[in-house]
Each structure stands twice: as structure tokens, then as C-alpha cells.
Amino acid sequence: MPAGLAIAFAIGFCGLFTALAVFIGPKRTNPEKLKPFECGSEPIGSPRGRYSVRFYQVAILFLVFDIEAAFMYPWAVLYNQLSKTDPDGAGPLPAQISMFGFAEMLLFVGILVVALAYVWRKKAIGWE
Amino acid sequence: MADAQSLRQLVLGRKDVQDLSDTEQDLPPDLMTVNMGPSHPAMHGTVRIVLTVDGEKVVKSDVQPGYLHRCFEKESEHATYTQIFPYTDRLNYVSPMINNVGWAMVAEKLMSIGKDIPKRAEYIRVIVSEMSRITDHLTCVGASAMELGAFGPFLFFLKCREWLYELLEIVSGARLTHTYVRVGGVSKDLPAGFDERLTHTLDEIEKVMVEVEGLLNNNKIFRDRMAGIGAMTREEAIATGCVGPIARACGVDYDVRKDYPYSIYPEVEFDVPVGTTGDCLDRYLVRLEEMRQSIRILRQCLKQIPDGPVMIDDPRCALPPKVDTYNTIESMIRHFKHIVDGIKVPAGETYAFVEGGNGELGFFVVADGTGRPYKAYCRSPSFVHLSTASQLIHGHLIADIVPIFGMINMIGGECDK
Amino acid sequence: MSQKVLDALTTAHAAAIERTESQHGDEIAWVKRDQLVAVATWLKNDPAMAFDAPVFCTCIDRLDWRPLGVAPSQHWSEDKPRFEVCYQLRSSKHRHRVRLKIAVPEHDARLPSLAGLWPAFDWQERETFDMYGIKFEGHPDLRRIYLYEEFVGYPLRKDYPKEKRQPLVRRDDLTRSTSSVGKEK
Amino acid sequence: MGVEITTTRLSDAALWAKAAKQSKLDQVTNWGRKFSLFSYPFVTACCGMEFMSVAAPKYDLARFGAEFPRFSPRQSDLLMVVGTITEKQGPALKRVYDQMAEPKWVIAFGVCASTGGFYQNYHAMPGCDQVIPVDVYIPGCPPRPEQVLDALIMLMDRIQAGRGHSQLAIKREQIIASAAQDEG
């Protein structure tokens, strides 16, 4: 499946459903509906106030480790080919198991573990 | 020169170099007020907290109950003593039987017939109360585990609760709102084959409890979210009037069944679990242990239950047997007067209390001799525990409010009466 | 067995105690309003009494109090005070209990608050104020606890009709086509 | 005994429903909607215990595609009013209902949400339809889980037929808008 086609499909589907929602979905707004939802009570205080930077830190760190997990998916799918010496199995000999795939991911995760250790020591994750 | 300076400041929006002290003081973030409103899953739908938070840490909280105030007192001034039983069911609707027994006891205390209730009726009352107490703890622990993300134990405990609901439905006819106890005894006898089914269910529940304890007790996430959260000292617990599992978790050894024994609790042995630190984890462990003690009581009751009538035959508060009602005019009139005008409770006032699911549940009744109470105040443990909530929350993170509220087990009907 | 509580109370505060009675095993002590705080602090701090556990605080509205089988002299009449505020206390050490009752006339329904002595009474006094309109002086923040601020009147008084609703919000597109029987009185 | 008898004016709703027949597209979208209801459990009182039992393994709500409770009105289209609605809770209920996206449906779970049950007093509202239009009422205090599942199936039929209150309201506005265009 050539990558370009896959990207086109992705954009096509997302665009299709957002377009459907925008054009077909009923839009009926009333002032009550536009107010922020605060568990049923009148919203108090304004979100515009200044709040601690820790929120931003925690969000960014989550993003880093979330994407790390996301990268593991394609690796996991292709793990079998990565572990064979001749991936397309053309040669006469039965393919031996090679540590290429595993070592690759170990390196990738290792870097991020160092980052995690640094962040942990700097107490950027907790909320003290 | 001056306007160039201000121009640069205007453009860059930066302070002048001289204004900066050597280190840029980090301005304290403004406190944000947030609504943890009435319609929130962790608030059991009936409590609103106006939180003032500094980032995630709670700085000030104003707990507002009253969203489920259904006027128990006003309704009970317009209903006869027997008609109030359905209202008491819906006070602590997680363990409704115990409220029924509490209300029956206050009426019996006023009529001073507490001593001559038939022994079998007392045993049945203790059996159904302890079953109701188990469902209370099952719901409380299951729901607060789910609120912390452990969905498995919630479903396991609800499966057990379904078994108990079926049994309570066979006994009283309703799954949740039983209205089973009457002044002077209970309305119906236990059905045949009840004790085999109950013993079987109790064994099953103990198996499930072992499973859930395996899941939760040493679970790192569960312990981190519960240990050390919402701790309360012994003196605070007593001074704020806390009772039940919450006070026992702080080390207050107060259980109405032991300190002011009523009904046949002196005839069964059971222990009262008492915690040490008084935090959420201790409340959870105390509730689990209390479930085991209730199972132990149930087993003893099933062995010791005598035969005999289940209703006192005192004409003042017992309905005449059906065969007389349809055959003799006196019984018909008595039956009619009993239902329409209610039980004539002599004038006086008293406060009777039982060990409810959340602690000392008492009724302060002023009777004026007619069939309707003049005043029926319900002393509800949830209302007292909720008054300590804002002090327990103080200084914790917003996410810690959920386990604290889960373990306080604040029941809307009982808290707002 | 709490009779000794009443005896100790009467000996220590003879002036403050109007009368004591014992009904159905509960000891009741009628206390004068102005000496309530003195008696309460004594009850709390005295080692023999040690009433450290508050149980409840409520009020009885004696408006149409005509009990059956009781002499008419006991019935309520205009000259008698209308409200009786009751504080129930319990000692966790000695396991005895006492109920303090204070007569409060209707025209000035005021009472010194005991929220300072026992934190539990903070909310219970707010509830009594919300339901009966008894103003507790010295209470940290005395406002309605169950009902909403816009509610007028005190619902648990005997003269407040049970069904008198004061709705906050109703549906606007709802047209009451049929008459509503017995609209709010 | 001041009992407020209130009937929503269904007569004009029936008129608009007859006037606007179901187009093919409507039938397909309603078919999709009825099997993927996301409920916002507005739980207040004892019926909440029975709501837990309905969602629990024995009387599973998941069999009907309505199991996943969403605790935000933005992501839910079925408002289950579970338990007594008091006067103080009224504004909160109305605000949650207004903040839900159309088309939306309401189930009054239990007799307290339907008519106030045996709480006829100054603080309990005689039914949540004093504040929001309700599509299906479930009697019972609390109703048995089977009654709740039956009510859900009843609601699904109503959704398929396009006769939910908010569906009719959207239809009515479309007709008014199209009528205005014809004249304009």
C-alpha cells in the first residue's frame, strides 16, 4: 500500500466525516448551550486567569511518552520480518533470528528512559 | 529618548532592564474557583463543592449539600407511624433495612414494649440488617474502587449485591425499598429454604471478597491513591461527631451494637475492627473487615434462630389475624382504626439509635398520643461526615477528592434527609 | 445510670438549670438561655462529665401541641415559649448521655451557638436555622444549608403548609392547559 | 393537596409529526442513532442503586448499545434523570439538558423523576417534566431493571419513528424555515 495512497485515504476519511457533521448535523445553539459545562452549576470565575505552569509541563511530558508508545505499534507489527536475517526470505538457508529489531527498539526506549530519569529527578511529573 | 524607551517597551512588551530584580520573581498564579457541582459522578449527584484551587491543590472548599432534601421530617408529620417506614427506606437507600429497624425501635421505645418483642422477630431483624449492611459496604467499596479506575471489583461486588438483593426480595418483596419491619416485629416470616440459600450466598460472597482483596489490597495504584489521603485524628473524629467506619478507622472504638447493645446483639459474638491512621485506606480495610464480621453474625443467627411468632400480639400495635378481621366486627374495626388512624403512641419524646451502614443512625421522635408523630428528626451519620469533608479535602489535590468522597460514603437521601 | 449526670449538673449549676426530667431512659436538662455556653463548656471540660461527642441539635415547634391523655395545663398556650432547641451530647469515655433543652420564645428566636465547642454543631445549627429560623449568635457562617437562598420562610414550622412550593425554574414552553388543583396557597 | 397537573401540549407536536413524513435519510440516521445511545446518568437518589444494577453484569445495559455512560452533556444524547429532582436541583438539570447536543432524548427513571412519587412537598419537584420535556417515563420506586430495559426499547421505537421531543422540534423548525423561504 504506497504511503501516499494511505495518507490520501486518511485525509479523505477524516475530511468526509467532518464535512458530513458540518453540513448534515443539526445546528441549534442557544446562549445556555454555549456556556462552559460546570457540572450543572452556573460557571464561576473565568478561565482566563493565570494558572501554574505545571499543567503545561505535565501535558508536554505526556505527549512525549504517548508518541513513544505510538511509535511502538508499527515496530510491533513488523517485528517478525525485522528479526529475520534476510527479511524477504529469498535465500536457501532458513532465516536465523537476528536481534536487529529488538536492539533498535531498545535503543529508542533507552534514550527516553534517560529522559524519564531526568524528569523524575527534577520532580516535573509530580505535583509537589 | 523617553518615548523611544517607551516605544521599545510598547513593542517588545518587556519591562525595562532596571525593573528586573536579579531573579525574576515568579508571580503567584491566581487562585481559580471551580465548581465540582451537583451533577458529578464522584459527588453521588447531590453535593456541590465550590473549590478554590491553586493549580491542582485545594486551597478552600465550600461544600453545599441539600440537593436531595426531600423533607423527611415534614412528610413524617403528615403520615402515621406505619406509613413512615417507606420514607425511612429511602433515607440510607444503600442499607434500607437498618433504617426500618431504627424507626421501629424508636416507636417501640416510646410505647415501652421493647422488651416483649418475640425473639424470632428480633433475630429476623438482625439477619436482614446485617444483610443490608453487607450490601452497603459492597456498594461503597465497589463504587469507590470504580471511581479510582478499578472496574473489575465494582462488577464483582455488584454481582454479590445482586445475590443479596434477590434474597432480600424473597424476604420482603422488594429489591431495595423493603418496608419490611413493623412496630412490634416484622411483617412476614422468613420464607422456607431461606437459610440454605443465605449460607450458600455467604460462602460465594466470601470467595469474591478474597478475589477483590487480592486485586486491591496490595495494588500500587490503589494504595497510592488511598493511603495517607483524607486522614483524620481520633480527637477530630469525636469532636465532629463522626461515627461508624470513619470513626473506627481513626481508632475510636465506638459501635452502637457493642456500646449500647440493642436487640439480640449481646447473644452473637463479633468483633469491631478499629483502624489506626484514619485515612481512606483504613476506612476501606475497616469496611471489608466489617463485612466479614457481618457474615459471621449471619451464620450464628441462622443457627440460633428460634421458632415462634414474628409479631408481638399486643393489640395496640399489631394487626389482628386475618381470619378474625373477616369474621368478627371488633377485629374489623380494630384493623380499620389501626390502618387509618395509626398506632396510638403515648405522648413523650425519646432518641433511639442503631448501628447503621455509616454509623449511629438515630431517630428523635416527639409523640403526642395520636397516630402521627409530632416531630421525627433523623440523626443521619452522612450529614455529620459531610461536614468534615471540607476539612479533609483541604491541602489535597483535586483528584484526591474522589477517594475521600468515596470512602465517606455520603448517601444523598440520608445526608439531606 | 445517667441520673448521676443530672445530679452533678444540678449541684454544679443550680442557677442555670430550670428543671431536669428523665423520659424513656434519656436524661433531659432544661437550661436557661443566657447560661447555656457556661453549662456546655463545663460539661465538655469537666473530667467526670467529659461530654466530648456531640450527637445532634434540633428544635421542636410547640405551636399546636395538644397531646392526648395529658392534662390541658401541659398543652401549649400563647404565654409559653414556642420553640425548644435540643442538644444531645454523649460521653465516649463514661458512655453516658444527656440532652440539653432550651426554651426559645418566638419573637426573639436567638440562641448562643455551641459550634465553637463541638464542630459537629456547625452544620446542625445551620440546619436548625434553615428549618426553624432560630438565629445562632456567634456561629461562623449562619446561612441556609438545605434550601436555596431565594427560599422565603422556614418550612419545618408548623404553620408552613407542606406543599407550598417556591419554584426556582419551570419550563417556558410548558403551557398549563389544565387548571392546577389547589395552586400554592 | 396542591397537585400541579401539567400536560405538555402534544397536540401541536402530533400536527407537526403528521405534516413531516420520514424521508429515507431520516429513517437511516434514526436507525443509526437508536442503537448507539450515549446516556448521561443524572443520578441523584435511590434509583441510582437500581441504575447500577441495570448497568451491572446481570441485567446488562450493554446488550442494547446504551451502556457507556458519558459524564458530559456534550458527548451524550440520552439524559437519564435517575431519582428525585428537587427545586434546588432544577436549575442544574435544566442547564445540563440545554447543554446537550440535539437530537436528545430524556428518560424519567423512577416515579420520583416522573411525578415526584410520594414526596409531595415544598422541595421535591412533582416530576422532572416541570423543567425538561421527557420522552419515556418509567414507573416504579425503584423500577425493576427489566422495566428499565423495556423503557429503553420503547425509546428506541420512538427514535426510529422520529417522534422524540427534540426530533419533532428540529423537524418543526425545518418546516417553518422552508415555509418562510417559500413566501420570501
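Some notes on this structure:
Chains: A, B, C and D, in written order; residue numbering restarts at 1 for each.
Keep this in mind: a contact is a pair of C-beta atoms (placed from the backbone, for glycine too) under 8 Å apart; a residue touches a chain by one contact, two chains touch by 3 or more.
As the structure is a computational prediction, the values presented were derived from the model and not from experiment.
Contacts with chain A and chain C are shared by B, D. More C-beta pairs touch across one of A-D and C-D than the other; that pair is C-D.
Chain D has its Cα centroid 37 Å from the Cα centroid of chain A.
Between the Cα centres of chain A and chain B there is a gap of 43 Å. Chain B and chain D have Cα centroids separated by 30 Å. Across the assembly, chain A contributes 39-42 as residues in contact with two or more other chains.
The set of chain B residues touching two or more other chains comprises 37-40, 66, 69, 71, 74-75. Shown for chain D are the residues in touch with two or more other chains, namely 88, 91-93, 96, 121-123.
By the definition given earlier, chain contacts exist for A-B, A-D, B-C, B-D, C-D. Chain contact summary for the complex, chain A toward chain D: residues 26, 28, 30, 32-33, 35, 37, 39-42.
By the touch rule above, chain B contacts chain C in their complex via residues 64-66, 69, 71, 73-75, 77-78, 109-110, 112, 235-236, 238-241, 252, 254, 259-260, 344, 346-351, 360, 362, 364, 366-370, 374-375, 377, 379, 383-384, 386-388, 416-417. Put simply, chain D touches chain A in their complex at residues 72-74, 91-93, 95-96, 98-99, 102-103, 170, 173. Contacts from chain B toward chain D in the complex involve residues 37-41, 44-46, 66-71, 74-75, 86-87, 89-90, 93-94, 139, 143, 155, 158-159, 161-162, 165, 175-177, 412-413.
Those residues of chain B whose C-beta lies close enough to touch chain A in the complex are 27, 29-30, 32-40, 43, 48, 50, 54-57, 397.
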